[in-house]
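Think of it as A, B, C and D in the order they're written, each chain with its own count starting at 1.
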Amino acid sequence: MNGPGRLQGIFTPNMIPLDERGHIHESEYRRYIDWLIEHGVHGLYPNGSTSEFTRFTAEERRRNIEIVVNQVAGRVPVLAGAAEANLRETLAACEYYAGLGVRAVAIVSPFYYRLSPDNVYAYFREIGKNTPVDVTLYNIPMFASPIDVPTLRRLSEECPRIVGIKDSSGDVAAMMRMMDAVRPNRPDFSFLTGWDCVLLPMLLIGCDGGTNATSGFVPELTRKLYDLTREGRLGEARALQTEITELFDAAVFSADFPEGVRGAVELRGFRMGSGRQPLSEEHRDKLWQLERRFHAILNRTGLLGQGSLPKANVDIDTRQVRQIVESVLAALSRQGVGTGQAQSL
Amino acid sequence: MNGPGRLQGIFTPNMIPLDERGHIHESEYRRYIDWLIEHGVHGLYPNGSTSEFTRFTAEERRRNIEIVVNQVAGRVPVLAGAAEANLRETLAACEYYAGLGVRAVAIVSPFYYRLSPDNVYAYFREIGKNTPVDVTLYNIPMFASPIDVPTLRRLSEECPRIVGIKDSSGDVAAMMRMMDAVRPNRPDFSFLTGWDCVLLPMLLIGCDGGTNATSGFVPELTRKLYDLTREGRLGEARALQTEITELFDAAVFSADFPEGVRGAVELRGFRMGSGRQPLSEEHRDKLWQLERRFHAILNRTGLLGQGSLPKANVDIDTRQVRQIVESVLAALSRQGVGTGQAQSL
Amino acid sequence: MNGPGRLQGIFTPNMIPLDERGHIHESEYRRYIDWLIEHGVHGLYPNGSTSEFTRFTAEERRRNIEIVVNQVAGRVPVLAGAAEANLRETLAACEYYAGLGVRAVAIVSPFYYRLSPDNVYAYFREIGKNTPVDVTLYNIPMFASPIDVPTLRRLSEECPRIVGIKDSSGDVAAMMRMMDAVRPNRPDFSFLTGWDCVLLPMLLIGCDGGTNATSGFVPELTRKLYDLTREGRLGEARALQTEITELFDAAVFSADFPEGVRGAVELRGFRMGSGRQPLSEEHRDKLWQLERRFHAILNRTGLLGQGSLPKANVDIDTRQVRQIVESVLAALSRQGVGTGQAQSL
Amino acid sequence: MNGPGRLQGIFTPNMIPLDERGHIHESEYRRYIDWLIEHGVHGLYPNGSTSEFTRFTAEERRRNIEIVVNQVAGRVPVLAGAAEANLRETLAACEYYAGLGVRAVAIVSPFYYRLSPDNVYAYFREIGKNTPVDVTLYNIPMFASPIDVPTLRRLSEECPRIVGIKDSSGDVAAMMRMMDAVRPNRPDFSFLTGWDCVLLPMLLIGCDGGTNATSGFVPELTRKLYDLTREGRLGEARALQTEITELFDAAVFSADFPEGVRGAVELRGFRMGSGRQPLSEEHRDKLWQLERRFHAILNRTGLLGQGSLPKANVDIDTRQVRQIVESVLAALSRQGVGTGQAQSL
């Protein structure tokens, strides 16, 4: 399924439902994948930060991609996170995922140790030279060694198989500098943002799309923001960005990332199970209140047990948008978490 | 000159020319002010960070505003920096500047000490209650105590005389959160960005303008970027943003701020004198090379001694834009400073 | 009073009592100065960060030194903060303070703007060449441009009138690197720490003393820690360091610096007045509770109205140490502020 | 080999020699382990940050401990890094290492994601309840979620099997706060520092020892610093600390950590092979120059091919100390890397 076109649209960095023993809950996972595709996302991005890739074993990460590719069955492109313990293991993962037919892999910059730019370059250069599949770089400076503009330029010039970057810094100026440095030589290079609260301006200054956590629990809305912006309906898009930001802030800042996202996905009707990071009483209290409140909201809106909106398509109107946002936000924000934290950043 | 309309457009945080004894060089300053207005800026912002307000005495800061208001003579609004050592002194400055007829004052959040949000609120609340003139808040977290979203909301709700915020964080998401928090109750509230490299996206998400250092040395271009964006000519605006960013990065990152800006203003034909911060040999070498190179550039382009472009208006065409940018960048960037630093951020 | 010996001992960065109109409360100030000297501090350091030098006018800063020098009357050396808006004003202050007879001045690294090391060097080099009085550098990276090791080495080699550094970073490794870089050439150079919670280890690795906020409200204890360490009584010193750290954490982290110090000085019987930074309701509540609680404590311990301990000397025994600490801590820490914050750093 | 005594002394976070295919070079590794023990280290700490634990597979991390325990053969205690992808895997590693007979395991705080203190607590609480072997916590805030003082206190009170903390922050004040919070209830709790440039003050304020990178290439010296301090010979210890700091700064700041350490170990006669992180040309140049220079130094000092000092014991005299330091520093620092960087921190 390797293909020519620039990577575009909304890719969901999907979480993985776990069963009671903490293993991948495959049937629920497959149901979730179908739901995401049916609700309009352009692609999937398993083994990303939202997917908690570091908390799974190397074997589980491979199994994860197998399930996703199998269930997607060619309906949308799959961008597979392929970072492993070292270069050799990472290239082996690239090879394996190429064999499965993913559209591309995404490889996070080396983490734990903070590398200088020249060694970030050296790492990705080796990958770029040896990968059998298209590669997108993954820049997330709050967790991993930063990929700076000169490094990106060099890599884009020397490695045709490096085809894009997903950036979760949320830095709009940096994204423009990256584009200015790369696009003249590589018009095929793709720029994706992983920071949902700036999706609108990022698309306006030239991004091709995003890998957005909100698309994991309100795929209709993230997709709609993408469509409105592409169509130049800026007023509507700006208003929807405000809603997306409220949801993003609540999900991302309400608890240690990505626990809030897990809770939000559950709100849409999926049994995600307990995460692998033990949670304190305080955190568990939050999640329990979330569950209880959501039950009330679902009852009130008639969505209980449906796990999705009545009209699961992307042509929802403004009233529905507000309805979805309020349902989800009600569950998240009334607990006194999330929104306040984000606003005081 | 206090008036109703929302503060809009490009305000220049103008530097102050100094004579050989380090005093304000009044005649050169008046010539510079005229030149800025003639080249299209919508207003002036003396006593800002680019103006090195902390390096002048309290008496000089007052004299600065006197000169600016007198020379401007009502042609454009003046936004006067009024931060002094403490609340009493700051309010006295507000009073004095109100008497001079400034459109508004701008007051930076308390600096040196890093205050908690509730005390930032307490400080501005006292100002908002007692000021005789409109106040814009000045948020520059890299130098002063940050003004967060809840603080801004409270102040905007309680203090009608606080009429805007100029934000130099460059954080597009934060700017949107601020707007979302304030605009519903205060449609008259103004949002200005002081970070030129995101001027385009800031305007697109709803900013009213900017207080931009680049407008101090390429006022035609900063103004043009504003106009193009307002007219919805996004393709041209995006291309011009790239140029502005190159200039901004060179001027801001080529030397300790704001020395690079001083050099860039000199490139346009003004004798700025030596700054008040002693410079190392390394820094002086840079400035000397800048001067020498610019002399060569001016000779080549025929601008030598003119101090301005042949057609000093805002209807310059694309070829001219590139010409201005290249002239200035040539002087700045060939010295191996500036651009590299900015790109590696 | 300029003299040969290395600056040594505990210098108090004393706060300034204010009267009801917010002016310097001279009589109370003189009483406070006497009390500090009687309780064992080796010197005074007016116009420091704890003294809120930035919140006073240039005229007030001069008046401050006049009062201190006059009241001290040669009993202990005075280290006068002399940083002003720019080099010219700073040198004028040095000249003025030299005329008053201070032992040395202390000059903080340029703040607001963050300068690169070579310009920090250039600034202090000009001062070192032109000062008529001994200069100590003041390094406080959380508020001002950092002074790094190579900069300090150069300055110490080139400027004999620069005779010491007071460092408020609390970084023990950096202090040792500074000593290793400077001492071989300048055995007369003095190293003082402004971070009370590491006073013991700083003295052990070779510091000459400190400029310590705690000595402004428990001068007996800070002095005693100095003496015990000098005498090699490490067990007792280590135990006393624990107490000093509790007091330091409470005073420094209980409110925006230096409000907690003001409250703590009041606990010892001085009317400090309201600070010049407007405080929020929350902050004022804290201070009110502090006052009320301290009244109770003083009543209980019989210290009410005395403003000092019964035996105001430095030969206090262990039981008394604990008594003083508990009295002060009780007032500070029971409010749920301070200690928790510090411990979670 | 689980035993009662408090963990004390110098533990080497040993690197792993790799062969030409990048696999563990077992024979060289065994020779290196013997050399470390013979040169005086009190214990070994495999699978630490200096050991690049994140760049090995889970299988290799187990094999690493097998080799170390087997080669050590009870001569010194082994502290085995046991952090794996998640709680279940980490506990399985604890179990396995317990079976091998390690003295204790060391578990780094969760990394990549930055957890809040309550979830750091929750994580270690689960480990503390379920581990079959003594656990030391590993705090390294520059790479992993910080362990703060209240978290440490709770864990020390609730989990008897948590027996110590190794702290690589270098923050002397924080270390004292930790001791003050824990020691009263847990006199058996051990405090180890992983920041060699403050080893002396850390020991003086009560630390039990360190896990020090320098002990991997100058074990005689790190051990000697420990002994001198324990014996109260502070003058000599302070002088030796200066040497250790020079070596530490050169090894740690000369290249992306821990490449400089690898080079330094090679200087002592071990073939470490290439690391698993691809290095840029610039970095490889540095290492090549290092190799070449060291060859010259060894020739000159007569150490070529010996891989150790003539008198490999801990009773070396001052002249020898300086000789070792200079040999190693010559190779490291003449390349213009390292020392400057560290000093400008």
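Here, a contact is a pair of C-beta atoms (placed from the backbone, for glycine too) under 8 Å apart; a residue touches a chain by one contact, two chains touch by 3 or more.
Computed from a predicted model, the values in this text were never measured in an experiment.
Chain centre most remote from that of chain D: B (centre = mean of CA atoms). Between the CA-based centres of chain C and chain D the separation comes to 37 Å, rounded to the whole angstrom.
Chain geometry summary: the mean Cα position of chain A and that of chain C are 50 Å apart. Counting partners per residue, chain B has no residue that reaches two or more other chains.
Chain contacts here close into one cycle, and each chain has exactly two touching partners. Chain pairs that touch one another are A-B, A-D, B-C, C-D. Interface residues of chain A, counted against chain B in their complex, comprise 117, 148-150, 170, 172-174, 176-177, 180-181, 195, 197-198, 200-201, 204-206, 234, 238, 241-242, 245, 340, 342-345. Chain D meets chain A in the complex at residues 22, 49, 54-58, 85-89, 110-116, 118-119, 121-123, 125-126, 142-144, 256-258, 276-283.
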